[in-house]
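Got a structure for you, written out below as structure tokens; questions coming shortly.
For clarity, chains are labelled A, B, C and D in written order, and residue numbers in each chain start from 1.
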Amino acid sequence: MKDLKLCQKQSPEHKTIIEVGGTKIGQDLTVIAGPCSVESEKQTVETAIGVKEGGATMLRGGAFKPRTSPYAFQGLGLEGLKILRTASRETGLPVVTEVLDPRDVSWVCEYADILQVGTRNMQNFSLLKEVGRANKPVLLKRGMHSTINEWLYCAEYILAEGNKDVILCERGIRTFETYTRNTLDLSAVQAVLELSHLPIIVDPSHATGLLSMIEPMSLAAFAAGADGITVEVHCKPEEAMCDKAQALSIPMFKRMMARINKLNECMAEIKKLPAAVEQE
Amino acid sequence: MKDLKLCQKQSPEHKTIIEVGGTKIGQDLTVIAGPCSVESEKQTVETAIGVKEGGATMLRGGAFKPRTSPYAFQGLGLEGLKILRTASRETGLPVVTEVLDPRDVSWVCEYADILQVGTRNMQNFSLLKEVGRANKPVLLKRGMHSTINEWLYCAEYILAEGNKDVILCERGIRTFETYTRNTLDLSAVQAVLELSHLPIIVDPSHATGLLSMIEPMSLAAFAAGADGITVEVHCKPEEAMCDKAQALSIPMFKRMMARINKLNECMAEIKKLPAAVEQE
Amino acid sequence: MKDLKLCQKQSPEHKTIIEVGGTKIGQDLTVIAGPCSVESEKQTVETAIGVKEGGATMLRGGAFKPRTSPYAFQGLGLEGLKILRTASRETGLPVVTEVLDPRDVSWVCEYADILQVGTRNMQNFSLLKEVGRANKPVLLKRGMHSTINEWLYCAEYILAEGNKDVILCERGIRTFETYTRNTLDLSAVQAVLELSHLPIIVDPSHATGLLSMIEPMSLAAFAAGADGITVEVHCKPEEAMCDKAQALSIPMFKRMMARINKLNECMAEIKKLPAAVEQE
Amino acid sequence: MKDLKLCQKQSPEHKTIIEVGGTKIGQDLTVIAGPCSVESEKQTVETAIGVKEGGATMLRGGAFKPRTSPYAFQGLGLEGLKILRTASRETGLPVVTEVLDPRDVSWVCEYADILQVGTRNMQNFSLLKEVGRANKPVLLKRGMHSTINEWLYCAEYILAEGNKDVILCERGIRTFETYTRNTLDLSAVQAVLELSHLPIIVDPSHATGLLSMIEPMSLAAFAAGADGITVEVHCKPEEAMCDKAQALSIPMFKRMMARINKLNECMAEIKKLPAAVEQE
């Protein structure tokens, strides 16, 4: 792992803290929640209010949707970004949203608080360089086909352009298992904690594609040491335009958050106990 | 998943509890610990005493070792089994040990409290049928190449022969990632909880092959709802004859257990709160 | 790849030739054909006559079927082996058949000319040792989850017991692709040719699971340098008890053989031309 | 596979033929050869002359290199494209070169005869749409993590923008096998021939990463029915700036081409014989 100069941890305490809208990512519990895609102002604002009540610290929502088929709904684009800003104003939640094209980075920055680079674009080096020059933090999802090593090199691409604020997000890798959409690799959380100073969060919604898995995998992610999660929540899941099988309703999200909060109180206690293996 | 008649959950409360040496697997916290292979009476007894003090509920140790190379140490065989019994007598811990050959099942039963079927033998149907006729519980590891569905069918092979006591063990699957030995699939825990009434435990030692990963992955396993773990512990890890890079020392194991116990107290509280998604 | 003492190639010309019923495997074109499972004498003899006419050099057929579900047809056992012998007597074709259990090896040897170890049993070390002590050649299928290195170690297990006659068979590995059942890894043919002196054949039927793929993948296998193929043929594919979607009819097999023969004449010419890279 | 309106084969004879510089891709033998990256005019022209003599029909060479590390050589950019044009003028070979960024498509078209979209960008939908609007054919490599179905949808993205000339290129997928860099999936050739009218070629250099595998996998690709290959050739492989272990020298390439030509003469004869399974 030579050449990972900027990405690499220099000491056990070395940790990047990224402050966005009052949350210190890498230090505080980070919970990013919201719809897969922005469909309407009503849907987005209603969901934002719900997740804010539930304890989310950030709002997610896609205005540009990378879809397998060219004929599938591709997102509302600029209109979607405007809706996200409205929802942000109503709730105070910062906005995380995906950018797909290097040409869009500069103007999307006017609407987004965190730029997301999706799994299919992890090695889109033009896009990485462009977000590396932006003045917004970047949430870099792991490629579904990528080793941890390659993923860190992609973070290095962003850091090398001058942007210090990169958040890594494990979202499942492709395997032969078909019960879940992908296989959530929670060992990657510990790997990142060992290798890098960058915050690491987990996306159980895309990793599993199954509603029933989101809560247990979120709890497992925090127990494994993750700095946060990002989950899909929809005010009316049955009407969602994409990924409806994996969107939590607002009541579900609130119940999950009660459990997560309890676990994280406990994890704070646990972390005071000596670790089995001291990190070097 | 037709044909999984015996393996399949009939109702949300349906759960098999297997009582072995005072522990109720599927209900109580199950912690199986011990060396990868039985090397000597001293090593085995010393490790057994250590893990017992740390709170393990069962002793593991291999007398027959399935090794990639025919020239690698293949285990002590009968002598190893006798040593395990001695260690069991000294500590009161029941013994879990692997059986590789259908011809060995009947006599290994005289030394083992639980028969383990390893990942390479998951679809060794002759062996499955033979342990299905034994009067000891069976710990069935997931094939590193197997879907959850195929794994449950292998449990069905055992149940169909009349042995009702099968414990499933997730131990990592093969993927392209090379940082860890295999990729621990913790979603499989929730999948088994949804599909089957059989207890499900996790092996973070073989899944990750990395000492530093065992504690975080054990905590994550319990947070995901696992009924237990099986981990490699050695009284002198630096002298272990196999897998030395992944054996916890006894002090490490004790520190890990303190954290696990704290987490599980918390999980007991968490399970009283309503779940995000009610199981049907 | 240390420890592969017996399996390893000692010089570019080092090649094991295994003579079975007049065919020199590793030198002559080897075509093993027959039904997935022996269902009746009529079906087996009829198929054997058909594949003999088409140019097959050996008859395959399963008497013991490793099946995912315990409730699926498990093969005719001894009765199946007797039918295979009858078909062999009628046609002069030697018989290749799978053995699943170490306890069966000695008596199956009385009916089989080549013992097959299947993909699920590649690392069933008890079985490997037992066939290593048998006086019949062994066809060792690659584990669907196995690296080439591990596969060669399994051959080494057999060789180390004294049986010099091992034939390797590539049959596809598990990947995320779902169009084909598994992914046929034809690079493994060249890898084996580089690393080992053992003959290497290819099973396009199980690798792809698709009727339409068998001919092109067979041609590709020979072009890649394979010593032979093993394919499923059934006199009445629509009535096959297993894998009916991938069984060639006898006329299909004959058409394929005409193409294969033409290709192999050409390959003989091609091999006289200097290779791009001389093997060391 | 609904929604693959434009990509899908309408009848057994339906085939897109793309004429570039005298070669009819999809009908004639297509052999694209050249260095991994353009390093200098001398190297590129010398290699181009060599591959032309050997029988290549097109010149490949990277001016923009997608590299894992941001600190690795990223290609000569515009200078590299100019060198490729010079080499093209000297030899008459059309140029295939990769484009990474949608902002570069229009001006790269002035230098390239075919635009290549690389494996890491297969699902870079902005880039796909942009090349879909270009007036040059597109060589679309399969994502190393992609199913055949997803790959065809990416071709559909290009076709849907109006560009009818898409060539598909199988280049290996990620699996657990480590002997080869990736696993060449030759079944994908037959799959594309069954599903789509677009030409399909194979890249054995990137798939295997091993010099010794290029010839046997090229022969296998043609035997499987591929319309062509793309291979790395360098006039001085030992001085190559990237992927030196997999670049053929010019004499190696010429020897390979002699074998390939012989095979393809034979394949022309073979295709006149009735196929085992008639395509519907």
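Definition applied: contacts are C-beta pairs under 8 Å (C-beta built on N, C-alpha and C of every residue); 3 or more make two chains touch, one makes a residue touch a chain.
By chain, with names taken from UniProt: A, B, C, D = Phospho-2-dehydro-3-deoxyheptonate aldolase.
Worth saying up front: this structure is predicted, and the values here are computed from it rather than measured.
**Student:** What is the set of chains touching both chain C and chain D?
**Tutor:** Chains touching both chain C and chain D: A, B.
**Student:** Stepping chain to touching chain, what's the minimum from chain B to chain D?
**Tutor:** Minimal hop count between chain B and chain D: 1.
**Student:** So which has more C-beta pairs touching, A-D or A-C?
**Tutor:** Of A-C and A-D, more C-beta pairs in contact link A-D.
**Student:** Of all the other chains, whose mean CA position lies farthest from chain D?
**Tutor:** B
**Student:** When the C-alpha atoms of chain A and chain D are each averaged to a single point, how far apart are the two points in Å?
**Tutor:** 35
**Student:** Calculate how many whole Å lie between the centre of chain A and the centre of chain B, each centre taken as the average of the chain's C-alpha atoms.
**Tutor:** Chain centres of chain A and chain B, defined by C-alpha means, are spaced 33 Å apart.
**Student:** How big is the gap, in whole Å, between where the Cα atoms of chain A centre and where those of chain C centre?
**Tutor:** Using C-alpha averages as centres, the distance is 48 Å.
**Student:** Which positions in chain D are in touch with at least two other chains?
**Tutor:** In chain D, 145, 174-176, 178 touch at least two other chains.
**Student:** How are the chains arranged in terms of who touches whom: line, ring, star, complete or other?
**Tutor:** Shape = complete; every chain linked to every other.
**Student:** Which positions of chain C touch chain D when the two form their complex?
**Tutor:** Checking each residue of chain C against chain D gives 145, 147-149, 173-180, 183-191, 194, 207-208, 211-217, 219-225, 248, 252-253, 255-256, 258-259, 262-263, 265-267, 269-270, 273-277, 279.
**Student:** Where on chain B does chain D make contact in their complex?
**Tutor:** Within the complex, chain B touches chain D at residues 174-176, 178.
**Student:** Inside the complex, what are the residues of chain D that reach chain A?
**Tutor:** Chain D residues touching chain A: 3, 66-72, 100-103, 120-121, 123-127, 143-146, 150, 153, 156-157, 160, 174.
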